[in-house]
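Chain lettering (A, B, C, D and E) follows the sequence in which the chains are written, and residue indices restart at 1 in each chain.
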Amino acid sequence: MKQSIQYLINIFSIIILYILLFFLIQTGILSSYYSGILILIGINIILATSLNLATGFLGQLALGHAGFMAIGAYASAIFTMHFNVSSTIGFIVSLLLGGIISGIFGIIIGIPALRLKGDYLAIITLGFGEIIRIIITNLELTGGAKGLTGITRLTNFHITFWITVVVVTLLYTFVHSRHGRAVLAIRENEIAAEAVGVPTTYYKIFAFALAAFFAGVGGGLYAHHIRTLMPTTFRFIYSVEILVIVVLGGMGSFTGSILAAIVLTILPEALRDLADYRMLIYSIALILMMIFRPEGFLGTRELSLSKLFLNHKVKKEGGKTQ
Amino acid sequence: MLTINNINVNYGSIRAIKDVSFQVHQGEIVTLIGANGAGKTTILHTISGLLRAQSGEIIFKDQTVSSTEPHQLLKMGMAHVPEGRRVFSQMSVLENLELGAYTRKNKKEIEENISKVFERFPRLKERKKQLAGTLSGGEQQMLAMGRALMSKPKLLLLDEPSMGLAPILVKEIFNIIQEINQTGTTILLVEQNAHMALSIAHRAYVLETGKIVMEGKAESLLGNEQVKKAYLG
Amino acid sequence: MTFLQQLINGLHVGSIYALIALGYTMVYGIIKLINFAHGDIMMLGAFTAFMTLTTFQLPIGVVLLITIIFCAIAGMLIERIAYKPLRNAPRISALITAIGVSFALENLFLILFGASSKPFPYHINLPPLSIGPLQITWITIITLLLSVGIMLMLDFFIKKTKIGKAMRAVSEDEDAAQLMGINTSTTISITFAIGSALGGVGGVLYSIAYPQIQPYMGVMPGLKAFIAAVLGGIGIMPGAMLGGFLMGIIESLTKGYISTLWSDAIVFGILILVLLIKPTGILGKNIREKV
Amino acid sequence: MSLLEVKDLGIAFGGLRAVGNFHINIEPNDLIGLIGPNGAGKTTIFNLLTGVYLPTEGEIILTNENIVGKAPYQIVQKGIARTFQNIRLFKELSVIDNVKIAFHHKMNYPILSGIFRFPSYWKEEKQIDKKARQLLDLFQMEHLANTTAKNLPYGQQRKLEIARALATDPKLLLLDEPAAGMNPQETKELMETIHFIRHQFNIAILLIEHDMNLVMGICEKIVVVDYGMIIAAGTPDEIKTNPKVIGAYLGE
Amino acid sequence: SKDTDTIKIGASFALTGNVSVYGIAARNGVELAIKEYEETGGKLDKKIEFIVEDNKGSEVDAANAFNKLVDREKIDVFIGSDISGTTLTIAELAAEKKIPMITPTATALPVTEKGDNVFRACYIDSFQGGMMGKFAATELQAKTATILYNFGSDYSEGIASTFEEVFQENGGTIVGKESYTNDDKDFKSILTNVKAQNPDVLFIPDYYEMVALIARQVHEVGIQSILLGVDGWDGVIDQTNDFPEAVEGAYFANHYATDDPKPEIQNFVNNYKEVYGEVPNALAALGYDAGKIILEALEKAGTTEPEAVINALKTTNVDYVTGHIEFDEKRNPIKSISVIKLEQVNGKLQQKAYTTIEP
């Protein structure tokens, strides 16, 4: 009973938010500058929540997320360019395709990589991310170093909004199913997880591939928003930037990732007028935020609208690594 | 030697130690007993400076040490054998012992001290080149104790030295504690094995959920019905 | 013959990686922090040397000394300000802070010195040593000797000296180390001082070999050195050295015989292979968690 | 028919032969103690039985099937559950989630059903919630269901670990020093708990313990190991008086 | 814009990040052009506002920066960006919004194909590469050449491939085509191969910083070939001051020569040095010219109406610092190329105008 009220409140708030933003954009109160930023926020939310699945919930430090994003971006862009896709349906197909290819790479990479732990895993995912980028740079199909340009603009605010909602919802429902619990158990104590009957390898790879899948979807949205893909964009520093969002929001908190994605997308924009000083201030802000809130904005907690409204305690199911 | 006045210790918002006061006099063995989670370890950590009390005062050798760093306390003569042994597992037995004498300068005295520890724990001598992490539980416990003795402490804090040891070793450990005490070291002992602890201690305090609920001579507590029921089984 | 020449080329790059990797590994070994800013400390060293060379025209020995001192102090300061407050925080938070420090240093120097490269004003004027058709530059010989020497010294320092032992104790168990009377803050400061000083030396040698300095110069060598450290077994001095040499040689040979385009991919590929066979690096000890 | 039959089990770490020639027969509903000096190889035996280590030699036959080489999670699914010498809970998760995770392999709904919340998800989740609460209730821990595991006192953590192991529905339960760090009173309660679960769940139990009150008090049979080899086996009374055991382990 | 008494010129460059070398120089050039224009009392009766946004070389930032300039600042014309990725991103958006745009430095072919409002001040890669190929084969009488290019830089790659084509058409043989990447500092393994090839000329199409590093090692390895370069080489003498032998005798294509006595060039060089404390490189010069081109088009159009400005841009036909500029129908400049030779005079390197190749 209580649960269904919670769901209703959440669905209702999302629709209200959408209508509000829709209205603001339609009337031109939010110009294309702002709607562009909204789209980026959506993409960053998708990237951060999906990385959070691997890093916050599964507990594996991964530094190759930009590589998966790149696969999704190139795959979906090549698809829409090749078939001259201009419909929303076709676009969604291309996003799924990007996600699936990226997910397959997630499995291929996950099988060997996930045998390692901690910093070694970080390095190996970093390595794979770079290899993916180098391959893209060397392929004809992807336009090589010259990049891929002339991609149709198919990403818009509406589609980004709803895909973001769907991605976050799916990630959330996954984490709160028996399979998600298995993933959390692995983070908490891999040996104990195995000792209570959880096939750890399977779930590690599955969670990793799922994260890669959604990163691919995010990449597809990116490709059809920015419309120029350069291999250099997907350097490991991009993976680091996504990781920063995850940690700042709180590892093991989707709402934290959402919050941090909003803050870290807007912050550099807000600092834009400072020109050369922009990145210096940004980095100092980053250091200060970590010093004063090392567990991130939300730690492992989830913000809950229904909690605000109903004023009762919502069970938490997160936790932090290490 | 050691006086604790009304200390309160929190973990985050949870108060683990509430208004605890007690003393340890020169030359004594004092034991703290209490159920799991009563706060014994927390008190030892607070005394040796690994944790900070929210309020209250700790006086060691007539000096207030409530905010003194652990490494300074060691120089003042306080050594702590923490729960779970905490030996440096990637270092050899000998290196562990040398680290125990980290603050001391006199090489010759250190040498002598090491041979004294080896005398007391012949097992360690056999294994002095071995990495501490590969020692068995009991040997690690001996090492932890020997390492603490290397600093020539005036006051030794012991946290459950008998945990996880085979019966034959439990007896040995308590013998050694008494021996150390007889050579002039004051001892504050925390034990689950209340029976053994009370039988070697001079005085004892009983801790319940962060508060001291009883204190007295060890023998009298050993005969106390309440204590018997709650801690001696 | 070209093969030997390529090997020598590889050793040169490798010894620079090794030098930087030593500092990386040192800091990692003690506080388990991937100090992302290490490459930028190297940049700091290069700029310090640049400034002292151009404004005061001091001899290179003095310049090196000043650089070492300056970098050591900078390293300690960074540790105190940015890392120490996070000592008990999740490790990954400290990693993010290190990334923040790295960005901050780069952008600070960008503002101070601009983005364009400055030619580094010191170089060794001796002609390369020729052995038959082989050419070895003096800077190669110096870096090679220096990195081997420093590695041996550091290894001795950490294994045998009192401070070295204290460092290892801190790295294993900070609380227990404190209970031994070790001042952990000081010990960690010393670690950072040494690590950063090495970074500084690396920066100077790097700038002599590739005489161009700019604010982002530390990023790539930093990353490569880190990979070298992991390859050899992070936290292990001879491992860093070996990893550095190997990386340099692999890079040089792939560039010479296969293709530059794939050289990074091949380096990463080999790294991945090594880690899969030996999950803790070439010299890493395989410590299984005891159940 | 024996529940578990172990023959000639052995393992070496590097040069060190930690366990050798170990053998044991466990019947359904047996309660057996495994004792021996520190470093004798007791925990290692547990690790071999649960698939954490691969034995260098020997057979482990669980109801007619050799389980050597099976992964730990498979062995759990076949019916051997365990607790750990140093507690390994899912620390940051709630008490009830700790238990629910252990029901994992008894649940059936597929991943898609979980993600898209098909009816099977709701049905099974509801069942499991009920079962988990019932189990906690048996341990008088239902009121702690939403507490984060790491915040439990030590004794409760041990109990939770046992409850979690039971949730996997084992035929054989391995307990590694369940009384370590407990005072005599708590140990007594633990003894009652062990008795209780043995009858309630009708399972066999093999336990490692250094607390002789507990071992002698509840075990019907005791196996003593030293240097990885069995040095004695028998009833508590036989063991208590066995000179080899006294010399190596009990003392006096 | 609606604002009648100011003209807003927007710009976006990489002012931070690892390609800021290019961005900052270009920005400085544009800034100087506008400053000079205002100081010398340009003929526009409106105030000029110059708004620059950093894009740190990232496409995302470039899109945001451009959108902000258009939506919030309501700019009339746009100058930027520096590298191809960000410029392509912006060109897409500028084409949609019909904002007159000129990139000072992005050489990638598709940039100006995005819309007829997009112009560029630099020559396209193929033009420059072709010219140098011909120069090597005919003027230098080279029979063999090795190309050493920056893989991953579309600029370097583009030039390399046309050079290869034209050099062969003119009877030359390419004996080696080697590549490196932007992150490389040590080229000895590649150069060891080049030494074995022993070509007449070694063509290195890249920017001066990389070139300075390579040239030094070319010398160390003992390669005797003539070095040949492109406009990106401008600035190389400052990098090789203490090691002039490295690039002595090399030729490179450029938009202009800093020692060119033409008053507008000397003016530019001196003013730039005064304001920014360094000798302007090609990127700065192109930025400067892009600024001037825009200003003159605005003047000629007499309005900020995009159509009018675009038409005015199309009719550009003036001598600038980087040469005489007219646009072809694809809005790429038709420019002359100066070939410069590096010579040592009294132990100091000097750029000598060697010849000019007309398009």
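Throughout what follows, contacts are C-beta pairs under 8 Å (C-beta built on N, C-alpha and C of every residue); 3 or more make two chains touch, one makes a residue touch a chain.
Only a predicted model underlies this, so the values are computations on that prediction, with no experimental measurement involved.
Novice: Hey, which pair has more contacts between C-betas, B-C or A-C?
Specialist: Taking the two pairs in turn, the one with more contacts turns out to be A-C.
Novice: From chain B, which chain is the farthest off, judged by mean CA positions?
Specialist: E
Novice: Provide the C-alpha centroid distance between chain D and chain E, rounded to the nearest whole angstrom.
Specialist: Averaging C-alpha atoms per chain gives centres 73 Å apart.
Novice: Please report how many Å separate the Cα centroid of chain A from that of chain C, as a whole number.
Specialist: 32
Novice: Can you work out the whole-Å distance between the CA centroids of chain C and chain E?
Specialist: Each chain's C-alpha centroid was found; their separation is 36 Å.
Novice: List the centre-to-centre spacing of chain A and chain B in whole Å, with centres computed as mean CA coordinates.
Specialist: Between these chains, centre-to-centre, one finds 50 Å.
Novice: For chain B, what residues touch not just one other chain but two or more?
Specialist: Correct list: empty.
Novice: If a residue has to touch 2 or more other chains to count, which residues of chain C qualify?
Specialist: Only 107, 110, 261, 264, 291 qualify.
Novice: Tell me, which residues of chain E touch at least two other chains?
Specialist: Within chain E, residues 16-17, 151 contact more than one other chain.
Novice: Given the complex with chain C, which residues does chain A contribute to the contact?
Specialist: Of all residues in chain A, those touching chain C are 55, 61, 112-113, 115-117, 119-120, 122-124, 127-128, 130-131, 134-135, 137-138, 191, 236, 240, 243-244, 247-248, 251, 276-277, 279-280, 282-284, 286-287, 290-291, 294-296, 320-322.
Novice: Chain E touches which residues of chain A in the complex?
Specialist: Chain A residues touching chain E: 31-34, 36-37, 40, 137, 144-147, 149-150, 153, 222, 225-228, 230-233, 268-269, 272, 275-276, 278-279.
Novice: Hey, which residues of chain B end up touching chain D in the complex?
Specialist: Against chain D, the touching part of chain B is residues 14, 33, 35-37, 135-139, 160, 163-172, 192-195, 229-233.
Novice: Could you please specify the touching residues of chain D with respect to chain B in the complex?
Specialist: Listed in rising order, the residues of chain D that touch chain B are 36-39, 85, 151, 153-155, 177, 180-188, 210, 212-213, 248-252.
Novice: Which bits of chain E are touching chain A when the two form their complex?
Specialist: Going by the criterion above, the answer is residues 15-17, 52-54, 56, 58-61, 63-65, 67-68, 70-72, 84-85, 88-89, 92, 108, 110, 151-154, 157-158.
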